[in-house]
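In the two complexes that follow, subunit A is the common piece, with subunit B as its partner first and subunit C second.
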Partner chain A sequence: MKLNRRSFLATSAAATAVMGTPMILRAQPSEYVLGASLPLTGPFATAGQLVAPAFQLAAKLFNDEGGVAGTPIRFVTEDSGYIPQNALANYQRALATEGTAMIAYFADSTGAMKLIAPELKGENARIMGSTSFASELADPSTHPYQYMSGPSYQSQFDILLENIAAQGGTSVAFIYSNTEFGRDPIEHGKATAERLGIEVVLEEATKPQGADIPTHVTKLAQSGAEHCILQGYVTGVWPQLIGGARQFGLPTRFYGTFWGMEKIIADRITQEAGPFLEGYEGVMPYRYFWDREDAPRYQKYAELSKEMFAGTPMENYMSTWAIQTMCGLEIAMKAIRDTAEAGQELTADNIAETLSGISDWDTGGFFGGPVTMENNSIKTGRVYAYDTETGLFNPRSDWLSV
Partner chain B sequence: MINGNLKASYAADERVLNNSYKQLFVYGMMAVLACFATFANDYMILIACKMGILLIAVVGVNILTGYTGLISLGHAAFVAIGAYGVTILDNVLMGVVPEGLMFFVIVPLAVAITAIIGIFVGLPSLRVKGLYLAVATLAANFIVIFLIEQDLFAPWTGGMVGVNTPSPNLLGWVLDTNREMFILIAIIAFASLLAAQNLIRTRVGRAFIAIRDRDYSAEILGISLLRYKLTSFALSAAFCGLAGAMFAYFYARILPEQFELDLSLELVAALIVGGMGRTMGPVFGVILIVMMPEVIKVVFAYFTGGDASAARYTAPLQEIAFGLLLVFFLLKEPLGINQITDRILRAANRWPFARG
Partner chain C sequence: MGQFVQFAINGLMSGAIYALIAVGIVSVFKATKVVNFAHGYLIMFGAYFYYTFAVIIPGQEWAPAWLASWEPAWLMESREGLPMFSPMGAVLDWAQNLPRILFGIAGALVANAIVGRIIERTLMRPLMGQSVFAMIMITVGLISIMSGAASIIWTADADFVPHIAPNAPIRFEMFGTTIFLFGADLVNMLIALFIFAGIVLMVRYTKSGVAIRATAEDQSTAYSMGISVPKVFSRAWVLASTTGAIAGAILATRNGISPSLGLFGFSVLAIVLMGGLDSYIGVFLAALAVGVMEAMTQWQLGGDWAEIVPYVAVLVVLLIRPHGLFGSKEVERI
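== the complex of A and B ==
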C-alpha cells in the first residue's frame, strides 16, 4: 500500500481507535467485580463453606437493588486453603483478569491482609475487607484501603476485660493460638488488664490445631486464674480446653472473641460432649441471626435465604461468620454506592475516602444502633453468654463502645 | 544409529545449540520473550513472572540433583535466604549505597551469602547419600524457617508476620509494576539457564556428572568429592538465592510460610517432571507445574459456572493432579518432558527417515 498523507491519517485514526477502545471500556465496565478468597479447604474450611453461600445471597440482593448506580455486580470467589500466599495469588489473578472492573476484594485471614497490603498501591489498589479483626489493620495511615467490619481484637479484649473488671475479677489467663490471629491482642490485653487492676497470671500459646490439651489445662490450673480469655481459634482447641478444664474441676470462667462465638460449634460440642459450655461468654460485634425483630436487613436476608437455600442449613440460620462477611460487603457497597452517587470515579482512593467518612450509618440491625467508621473499624460489641438448654447466645451486656 | 545431526567439526560439536531445531526453538523463545511484555495481558505477565522465579530456583536444584546426583529436599531454605537477604541488606545499606546501585550491590551479596550457607548445608553430603541426604537437607529447610520466625531476629526478618520488600531500582529505573519486573526476571532466568548449560561443558560441570554417575570412580579419577560436592551445593544454593532475590522484588511482602517444605517439593517435582540433568528440563517442568493448577481452575470454573461452594473441590483436584503427574512421569518417563520433546525433535530432524 502506498503511504500518503490520507492513508497515514486513516491508519493512525484506526490505530488510535483500536488502542483507545479498551481504555473507554475499562472506564465504563458492563459489570463491577468484587473478588474474594475463602478458606474452602484447610483448617478453617468449616467457616469458609458456611460463608460461601453468603456471596450468592449478596450478589442477588445487591443486584436486585440496582447494583452500583444501575451497573450489576459480580463476585469472583476462590479457595485459599487459609494460606496467605494463596490469597495473594488469588488477588493478583483477579486483578490481572478483571482489571479496573474489580473495585473491591475480600481476604480471609490476617496473614492475607498483611501480605496483600503492600501490593495495594497505584493502579493495583482496591478497597479490601476481610474476616480479620487484626488491630494493625485499623490504621488508615498505614492501611488506607483496608477496613474492618467490626471492632479489632484489641477492642474485643478491652470489652471483655472491662466486663471482667465490672464483675470484680482480679486474675485472668490468656490462652491463644500461636498464630498472628492468636497473638494479635495479647500485649494490648496485658496493658489493659494492668490499667484495670487485673493480674494476668498466665499467657499460654498453643497450636492452632491439635493442641496438647492436658498440658495447657494443667498450666491453667496451676495459675489459679478466675477468668480465662481464649483467642485465635475457630472450630477447634477452645472447646477441648474448656472441656478439659471442666473435667479437671476448674471453676475458671471462659471467654472468647468473635471467632469463638458461633452457635453451630457450641451446639455441636454440647450435643457430642455434654453441657460443659454452660456460661461460656464472649464478645460479639453483631446481633445473632435469630434476634431480627429490630433488624430489617436481617429480615431481608432471612426472606432471601428461605428462597435461595431451601433444604440447607442456611435456610433458617445465618452463621456469625456469614453475618460478618455480609457486614463487610454491606460496608463496601455503601462506600461504593455513595462514591458513585457523588459522581466520583470508582477508584480505590475515592472509595476509601468515602468509606472512612461513613458516620451515623443505620446498618439495618447488624449493630445496636447507627455506627461510625473510626480508623476504618467499627468499635462496638456486646457480651453474650451461651445457654446449653436453649442453644442460644444471650446478651450479658448492653452494646458497648470502646 | 543417530543420524540427521551431522557435526563436521569440533566447533560444531561444542556449540550450545548444536542443531537447527534447537536454534529455532531457542531463538524463537528469545524473540517471544523479548516481545512478551508488549502484548501479554496482566494475567499472562503474572504467570510468566512466577514461572521465571521458579525456573531460576529449579535450575539451581538441577545442578545439584540433576547433574551431581545429590538429592535435596531443602532448597526452599535457600530461596528464603535469598529473599530475606535482599530485604535485610536493602534495609541495612539504605543511605550507605546509592539507591540506583543498591540492586547491583545487594543481589550479588545475597547470592554469595546463600552460596556460603549452601556449603554448610552441603557438608552432610560428604558422609551420607540418597534418602539420608534428602532428610539432612530437609532439616536445613526447617532450621532456616525456624530461625526466621524467631522473635530474636524479628527486627530484621519481621518474624512470623513477615516483612515488606523493596522494589528494585536499576540506576534510577524503579521496577514497581509486574510488567517491568517481568523484563528483569526473564533476563535473569534466561541468563541462569544459559549459565547452567555452559557450566556442564566446563571441567567443574563434567566433574559433577562424573560424581553423579559413580562417585568413587570419580574420586579414583582424581576428582575431589569434598571440593566438587560442596561447589555443587554452593552453586545450586546461589541460583536459589537469586530466585529468592527475585521473589522478594516481585512480591511486596514476604512471609516465612512461603518458603516451607511445599516449595522444596515443588522445586523437585518440577525437575522430575521436566527432566533431571537436562538444561531444558527445568523449563518444561516449571511450565507444567505452574500451568497445571491454573488450567484446572479455569476448566473447573467453566463447568461449575464459578460457583463459590464448588470451588472447595479445586484445591484437592490440583493436589491429586500434582500427585498423578509425578507418579506418571516416575513410572512412564523418568527422564521427563525433556526426553519426550527430544524424541519429537529427533524425529522431526530425521524426517522422512525412521524415528529410531
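== the complex of A and C ==
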C-alpha cells in the first residue's frame, strides 16, 4: 500500500480507535467506590463513632439490592479528626487511589465541604453529601456537585419560627456558638422573625465548648425572651444552658436544630441531672427511628441492624446522626442508580443533574411524604418535643415545608 | 451597678477554674523549667477518672447499690414533693449522690497521681540534664498519646457526671438588683481558692516547698545542698496531676465528658504567660482578671468579642512585661 497523507491519517485514526476501545471498556470498574471522611477522633468523635456503623449497613443493604446496575459498591472511610484539611487530604487520596471508580464522596463538616468545593472540577469532580446543613451549600449555582440531606439551618430556623408564631409567640432569643455552624442562620432568622412579627430580644454568641453558662443565662434573663433557639451545639453547652435557665427560674421555652435533637444525649442528661429537658423542642428533618410503622426503609434498617450490630447500641436504635448519613447515602444512590438506568455514564455532571431533578421521591419513610430536591436540599421538617418520662421525642407539629 | 456585680462574680467564678487549671502548669514549670503543653490532657484524664469512679463503676451490677444512689428513708421522705431546682431539693439530690461523688474524687486523685508519676518516671526523668527543649517536645508528643489512649479506654462517647457540690440556686439583693449564683460554681470557686492558698503556703513554709523553690532557682546548687532534685520533679508532677484531677472533675460537671476537654489547657497557657510562668500569685490574679474581662466583654460587646478582648489584654501585658505580671526575669550572664 502506498503511504500518502490521506492513507496515513486514515490508518492513524483506525489505530487510535482500536487502542482507545479498551480505554472505554475500562471505564466500567468491577466495583464502584463511595468515599467518606468521618470525625472518628476530635471534638465530634461522639457523633463520628455513632455514624461509622451506618456505612457497613449501607454497604450490605445497597449490595444486596444489586449495587449500581449489578456492579457492587464499596465504601472507603477515613478519620478526619473534624479537621477540614484532613478531609480534603482524604478526598484527594481517595481520588488518587480509586480514580474513576470513586463516584461519590461524603464529608463531615461545613468546613470540609467548603474546602473541597473548589477541587470539584473536571475529572476531579464527584457528587458530595455531608453532615452539614449549612445554608451556603444549598446553592447549585455555586456548589453544583454538593447536596444536603434535609433542610438548611436557615430553613430549620424558618420552621421553628413559624411554629413559634403559630403559638402566638412575640419574642425570641438566639443563642449560638461562635462558629460557622452557630452563626449560619442568625441573620436569616432575624429577617424571618421580623416578617412573622416576632421580636429578637437577644443574640448571644457563646464558646462552642466550655461556655460561661451563668453569664449567658443572666443575659437571657435580662432579655425577657419567651422563646429561645439554640444553634451550633452537639453534645455540650445546650443542656447546661437549659439547666441553668431552669435553675434561674426562667419560664423560657427552648428549641434546638438537628444536631441538638439526639435522644442518646437527652437521655443521658436526664439520667444524670434530672428531668429539666421536659418540653424541650426542636426541628428534625426525619422521623425518629422508633417511628417505623409507616417507614418501610427504617424497618429494613432495623432488620439489618439486629443482625449486624447485635450486642451494640445500634442493635435497637439508630441515632439521628446515623439516620442523616443514611439519608445522604440514599440520595446519592438514588441519583447514581437513576443515572445508570438512563444509560448515562456515571460522571459527576450526569449524577448531579439527576440528583437536582429528584422529584416526588418516596424515601421509604425518612420524611412525612414524597420529597423533591430544591436547591440540592430537602426543605421539610417537623417540630418534636422531648418527654423525660418516656425518653422519646414526640411530634409537636405536622410535617412543615418552607 | 447590680448588673456589674453580677457579671463580675460570674467572671470571678470562671477565673477561679482557669486558675485551678493553670496551677499545674506553674507547678511543673517552677520545679523543672518545662512548659507542659499536655497539661490539658492530664486534666482530661482527671475528668475521665472522675467519670469512671463516679458513674461507670457505681453503675455496674456488682457495685453496692448505696454507691450509685444513697437512699436512706429520711432522705427519701424529705426529698418527696420538693421541686427539682428548689434549694433543699438540690441539696438532697446532691446528698443522694454523695457516696459516688466522694468515690469519684478519691479515685480521680489517686489514678491521676499515678499517671503523673508514670509520665515523670518514664518520660521526664530519663531526660534530666538534657535540653529543656527536648522535655517540652515530649509533652507535645504526650498530647497525641493521651488523646489516643483516652479514645481507646473510654471511647469518644459524650456523657455527664454529678456535680461535686449541691447546685442550689442562690439569690440575694444588691444595688437594687437580684444577684443570682449557681451553688456548685460558688463551691468550685472556693475549692480553687483553698487549693491555691494551700499550694502557696506549702511552697512558702514547708520543707518540700523550699526544695521546689531552691530547685527552681538553680538545680545544680540545689543538688549540692542535699536536695533530691528527682524527688522535687516527681512531687511537681504529682501536684500537677492531682490539681488537674480536681480541675478535670469540675470541668466535667460544667461541660460534660468528651475528648474536647483536653483543649482547655491551651486557652489557659495564655493566662499562665500573662501571670508569669513561675508565679502562683501572678497566675492566680491573671486568671481572675481574664475571667472577669471575658464576662464583662460578653455583657457589653457580646460573645464574638469575649474571646478576643481578654487575650488582647494578655498580649499588651506581655509587650510591657515579657515575663508576665509577676514572673521572674531571667538574667543570663555570659
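Note that the second predicted complex is superposed on the first by the 376 of 402 C-alpha atoms of A that agree within 3 Å, B and C clash if a C-alpha of one lies under 4 Å from a C-alpha of the other, contacts with A are read in each partner's own complex, and residues count from 1 in each chain.
As a convention for this text, a residue touches a chain if its C-beta (ideal position, glycine included) is under 8 Å from a C-beta of that chain, and two chains touch if they have at least 3 such contacts.
Everything numeric here is computed off the predicted structure, so don't read it as measured data.
**Student:** For A:Gly48 in the superposed arrangement: first (subunit B), second (subunit C), both or neither?
**Tutor:** After superposition on chain A, A:Gly48 lies in contact with both partners, subunit B and subunit C.
**Student:** Looking at A:Gly249 after the superposition, I want to know if it touches subunit B, subunit C, both of them or none. Which is it: first, second, both, neither?
**Tutor:** A:Gly249: touches subunit C, not subunit B.
**Student:** Figure out whether A:Pro395 sits in contact with subunit B (first) or subunit C (second), or with both, or with neither.
**Tutor:** neither
**Student:** For A:Gly279, select first, second, both or neither according to whether it touches subunit B, subunit C, the two together, or no partner.
**Tutor:** Once the two structures are laid over each other on A, A:Gly279 reaches no partner at all.
**Student:** I'd like to know which partner A:Pro72 touches here: subunit B for first, subunit C for second, both or neither.
**Tutor:** In the superposition, A:Pro72 touches no partner, neither subunit B nor subunit C.
**Student:** In the overlaid three-chain picture, which partner chain does A:Thr235 touch, first (subunit B) or second (subunit C), both, or neither?
**Tutor:** Second partner only, subunit C.
**Student:** Is A:Thr215 touching anything from subunit B or subunit C once the two structures are fitted on A? First, second, both or neither.
**Tutor:** Second partner only, subunit C.
**Student:** One more residue to check, A:Ala117. First (subunit B), second (subunit C), both or neither?
**Tutor:** A:Ala117: touches subunit B, not subunit C.
**Student:** In the superposed arrangement, does A:Ile83 touch subunit B (first), subunit C (second), both or neither?
**Tutor:** first
**Student:** Residues on subunit A in contact with subunit B in one complex and with subunit C in the other?
**Tutor:** 40-42, 45, 48-49
**Student:** Tell me, which parts of subunit A touch subunit B in their complex?
**Tutor:** Result: residues 36, 38, 40-42, 45, 48-49, 52-53, 55-56, 75-79, 81, 83-85, 88, 92-93, 95-97, 99, 111, 114-115, 117-119, 121-123, 179-180 of subunit A touch subunit B.
**Student:** Touching residues of subunit B toward subunit A in the complex: what are they?
**Tutor:** Checking each residue of subunit B against subunit A gives 41-46, 160-162, 164-165, 176-178, 251-253, 255, 257-258, 297, 306, 308-309, 311-312, 314-316.
**Student:** What residues on subunit A touch subunit C, complex-wise?
**Tutor:** For this pair, the touching residues of subunit A are 40-43, 45-46, 48-49, 178, 203-207, 209-210, 212-219, 221-222, 234-237, 239-240, 244, 246-249, 265, 268-269, 271-276.
**Student:** Can you check the complex and tell me which residues of subunit C touch subunit A?
**Tutor:** Touch residues, subunit C against subunit A: 3, 6-7, 10-11, 13-14, 55, 84-85, 90, 93, 147-148, 151, 155-162, 167, 169, 180-182, 185, 251, 254-256, 258-260, 263-264, 294-295, 298-299, 302-304, 306-307.
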